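Each chain carries a letter (A, B, C and D) given by its place in the written order, and its residues are counted from 1.
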Amino acid sequence: MRYVAPTTVDEARSLLAEHPGSQVFAGATDLVPQIRAGRPAPLVLVDLKRIDRLMTVTHEDGQWRIGAATPASDLTRNSDFTAMFPGLSEGMGLIGSDQIQNRSSLGGNLVNASPAADSVPSMIANAVQAVIATGDGTRTVPVAEIATGPGRTSLADGEFIIEFTVADPPAGTSDAYLRMIPRTEMDIAIVGSAVRLTVDGDIVTDANVVLGAVAPTAVTVPDAVAALIGATINAGLIDDSVMNTLADAASAACNPIDDKRGTVTYRRQVAGVLTRRAAAIAAGRAQNGA
Amino acid sequence: MSRTHITCTVNGDPVDFLASDDTSLLDALRDELGLTGAKEGCGTGDCGACSVLIDGRLNCSCLVFAPEAEGSDIVTVEGIADGDRLHPLQQTFLEGAALQCGICTPGVLIAAKALLDENPDPTETEIRYALAGNLCRCTGYDKIIRSVQEAAVRLKGVVR
Amino acid sequence: MTVTEDRPTYKWVGTRPIRHDGYEKVIGKARFAADLNLPGQLHAAYLRSPHGHARIISIDTSTAAGMPGVKAVVTGADFPDLDPTDPNFDVSVNVMARGMALYNGHALAAVAASTRAEAAAAVATIQVEYELLPVILTLDESMADDAPLVNEHNITRFVESDGPSNLATANVLERGDVDAAFAAADLVVEREFDTAFVHQGYIEPHGCVVDVGPNGKADIWASSQGHFMVRSLTAAILGWEPSKIKVTPAEIGGGFGGKTTIYLEPIAARLSQMSGRPVKLVMTREEVLRATGPAPASQSRVKIGASNDGELTAIECWFGYTVGCTNDLAGLIGAMSVASYKFPNLKLEAIGMLTNTPKTAAYRAPSAPQAAFAIESVIDEIAQALDMDPIDLRLKNAVVEGDPTAMGMPHPRIGFVECLEALRDSDHYRSPVPDGAARGIGSGFWFNIGEQSSATVNLNEDGTATVITGSPDIGGSRTSMALMAAEELGIDVYSITPVVADTESVGFTDVTEGSRATFSTGMAVVNACRELIEELRARAAKILGVEQDAVTWVDGTAVADGHDPLPLAAITAKAKSTGGPLTVTASLNAGGAGPSFAVHCCDLTVDEETGQVTILRYTATQDAGTAIHPSYVEGQMQGGTVQGIGWALNEEYVFDDEGSMENASFLDYRIPVASDLPMIDTIVIEVPNPAHPYGVRGVGETGIVPPMATIANAIARATSTRMTSLPMSPPKILAALDTP
Amino acid sequence: MPRVHLMSDHRRFTNGEAIVESEGATVGAVIAELEQRYPGLGEALTHGASAGVNGVIHSEPQYLAVDPDTDIYFVAPLTGG
């Protein structure tokens, strides 16, 4: 295995083109354990962390640009970003320990394509776009289109993500992310739920609900969105009937597996519970700009 | 497997060494540089016994490829004392019986130092979450948390 | 907080000095097994069985032997076959399979090469022809009438048996007439429980470096709980003479019973002998979880009868342990130990059944935690039914000195009542239960054992001392030895250097297990010091020109009427002229290990929508007899408690139906992390053990016995649902809450 | 005469007797005498049991002296962790 560290996007492009079977990485917090567990090491490992553009976060004229290799802790420590996207920041803040968060990146978390990736539901809920380096240019797609199944993405050979872009949330908008893990840290999510709400006065005018770890990829829940839009919020509280419909919709959207972390029934039940709780937090934040 | 020549600073000293590209920084520190303070407890970033600072940031050195260390500034447990004057954390860990077997101690000290460098007055909960990535099986964490709290008090007392 | 009871005041014993081995550990200089590198050393890697149970038709290592960098390859054929009745047969077969892979992960071959990568590449080329056999994973499968044999060499111990079977051990203890007592009881509660395989979880994987010289002398560097055990087992498995093997103890990175046996050393020794090079063999975490000793899984039935006024009149228990692929003697006795109450009528039956899972090993009070989880849960249910305070119910029936143990033998002096009273009067138990939370109680004890220890105490010319023992030290026992020596000799604890010496530099010493180090080895140190004091009095008599009887030893000085006190250093400075070096070795087979009782209490909340448990407060009381170094007694209580909490809430082996462990990593084998826990408050009780010069009781193991029941009892009071299956993980709690 | 308390499994040699008396100055002598009276019992006690005497468990009690009014409790071997 050979290690290379390009310093520009073009240099990375040509390296990937030159060496089919090479692999890009940033934190490798998933890649190293997989190699250790027997996954064949790639012929060439392309470290993206020396390309400034992939490591920088900018915020100008209503848009955030986040380098794909930026460590999660850069964002969780960015108070402006966390104020605008508390849920997304929470999602990244839950990816493993401090040691892991100083390396794991939004790009890596997305491209590793684990169904339980903690940052992906919130990225989708906030309509984050991924700017992808293609053979000779770039293309931009919604994050939801990247992961296609456990360990599989829609990226072609030689393609890698340069950065993510997300527009500032409209007024009265906020989000929240909750996940269920047996311990309080260091676990892979058994269930993850991201909710984003936009509130006008005390009426929900826009919503997005995305679940993680309950299907081959993160999954949006249209019925839950429908339940939320038009609902009234008084003093940060959504009334129970909406909450029950919301929870049932989330449970119904689950297509989980039994595995060593959780059972099908457990994931369905808890998906409803976490979605209700995340919606309540998001509502409170959206209404009083918390 | 070709070996790459890597230069960086470790505990303030400029060093250079050879390592094959798939060698972890942990193995390079231990086998090439003889710094066996960082330990392998799992090799997959789940136990924290291999924690080091890379350019001031807390990392599991078992997840870092040796070539990534090129030009970086690395601090290991062997480098946190000031000559023979122990770091306050090392002193409170000894006084507070915050270690028994000691295999996790290097990683815990580095993680605690990273915490106090950034947050000089952490609450108990903040300490517990900052150390959640460092597994200890002997102590039940109680005396580790109390020793970090005591070190924070002593560090605040010192004008920095 | 220490509750001290009729104990003399000591100068050093009971203080909290910094442990002598602490400095190297905090600066990263302490050397554990994997920290040694010898020039020219090879690295070894294992081939492990991918099947849960298979006969090995053939192993072809010819390709591997020719691979680049490979210097030696071994399989089962490279080790002598012991007779199945040999006590070391099971360890030998587990170190390297002989014609039969007994579990997924069982070592089949090993390769030594210049680099780890070359060794691993060579292992991948080894061709093995298997005949797959049925895989037995659970107790029911193993007990089934037509169950295939897990291990064709297994002969049942303790009971009459006619040939190989899946029954490893069987034990029955009886007194009184349980059936009559149940008939007469006002209340009878019966429940079934089960627990999963759990691992000791030490953070240091097993490791060693072995260098066999051309003269056949093996130099072993390894971390273990007993390097003399490493020497004798390695010798037995290789058929070498123990005197040809020297074992130097590395610092041990946790053991908890899991390093009271061996896995690597015979393999590394054979590879070194064959290659003429030192061989380093270190397990990966995955190998530690797949192939080293878990504690047995268990099923149990507990039935207890009581009168309306809270007298526990009868107990009948059946315990079924799955003990892995070989006959493990880790003492089903533990199951018997937990009848901590008077119980005039008692019937305890325990069996150990074989399964195609890794050979089990001791893990802190082996087999007692599983039994205590069941018994202490039913006792708590009785307290609820009788509307009695759970401590009062236990106080009413607690065993005291003279009451029979489950095995019939009368208890010596014990401190169970004192622990119950201390907890009852504690701030925790007196304060109200936080709203939304619930409080649980649990208790337990462990016998502790004596066994053999040696100690050599040398006085140096400047009046300092070196205390040399053979007991590996995990929890601070070196400093405890120094404290006892300082108390005896009357010198400063820091003028004493405690050393854990290799097998050629100190007398034979048994494994550090059964919480015996401070007890037995401590006793050897005290005996050596007392002999030295006699010699010092004789030397002082010569110096002062008086009779030896006229000299008494007080606070490190020789005192004789009409003379100024003669400090130790003044005597050692004249050692040469008064008779030569001052050195004494003492050894013993220690008897009278005093049991250590504990009572725990925890407040917790249960999120009834997700099944998640949050522990708010935890208090542990335990009788240490005399706390030589209170900080490290507290450390044993806190460490044991948190292992018990892990066993209660999240730790388990998850096998697929082929017997492959699916969670062989610290990601999915979930031991507690710092943010899972509150502080573990400790109340050290001191009811001195009359059989020890300082009243010491071993404290290393009891801490793990009470937590599972303590937490289950709190969950039962929080949710009015009795959890009977470990681990009490969120999915299992939610499922239990949903069943009506 | 020392009183010997047997584990349930060893009572099969003494057709159910839980406590038997036996002549002997050491535990080893007691075991040998028991082997005469109850063939097989001595063998079982030698290999598969420890002896509890005066509150202390001895894993190899062969040469342990006992006086006439001692109680010897035979128990399964005890290990620790």
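Note that in this section a contact is a pair of C-beta atoms (placed from the backbone, for glycine too) under 8 Å apart; a residue touches a chain by one contact, two chains touch by 3 or more.
If you're wondering where the values come from, they're calculated on a predicted model, not measured in any experiment.
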- Can you name the chain that lies farthest from subunit D, using the mean of each chain's Cα atoms as its centre? A
- Out of C-D and A-C, which chain pair has the most contact pairs? C-D
- Item | Centre distance in Å when subunit B and subunit D are each reduced to the mean of their C-alpha atoms | 56
- Message: As a quick test, compute the distance in whole Å between the mean CA positions of subunit B and subunit C.
- Response: 29
- How big is the gap, in whole Å, between where the Cα atoms of subunit A centre and where those of subunit C centre? 44
- Task: Enumerate the residues of subunit A that touch no fewer than two other chains.
- Result: 33, 36-37, 184-186
- Task: Please list all residues of subunit D that touch 2 or more other chains.
- Result: none
- Per-residue overlap in subunit C, given as positions that touch at least 2 other chains: 200, 256, 284, 665, 667, 672-673, 675
- Item | Complete list of chain pairs which touch one another | A-B, A-C, B-C, C-D
- Query: Mind pulling up the subunit C residues that touch subunit A in the complex?
  - Reply: 284, 286, 609-612, 649-650, 654, 662-663, 665, 667-668, 670, 672-673, 675-676, 729-731, 734-735
- Which positions of subunit C touch subunit D when the two form their complex? 157-160, 169-174, 200, 256-258, 260, 329-333, 336, 361-366, 407-412, 446-451, 513-516, 589, 591-593, 691, 701
- Query: Once bound in the complex, which stretches of subunit B touch subunit A?
  - Reply: 1-2, 4, 21-22, 24, 43-46, 48, 51, 57-60, 62-65, 67-68, 70, 111, 114-115, 129-130, 132-134
- Query: Which residues of subunit D touch subunit C in their complex?
  - Reply: 5, 7-9, 12, 18, 44, 48, 52, 55-60, 71, 73, 75-81
- As the complex stands, subunit A meets subunit B at residues 1-3, 5, 27-29, 32-33, 35-37, 41, 45, 47, 49, 71, 73, 96-100, 102-103, 184-186
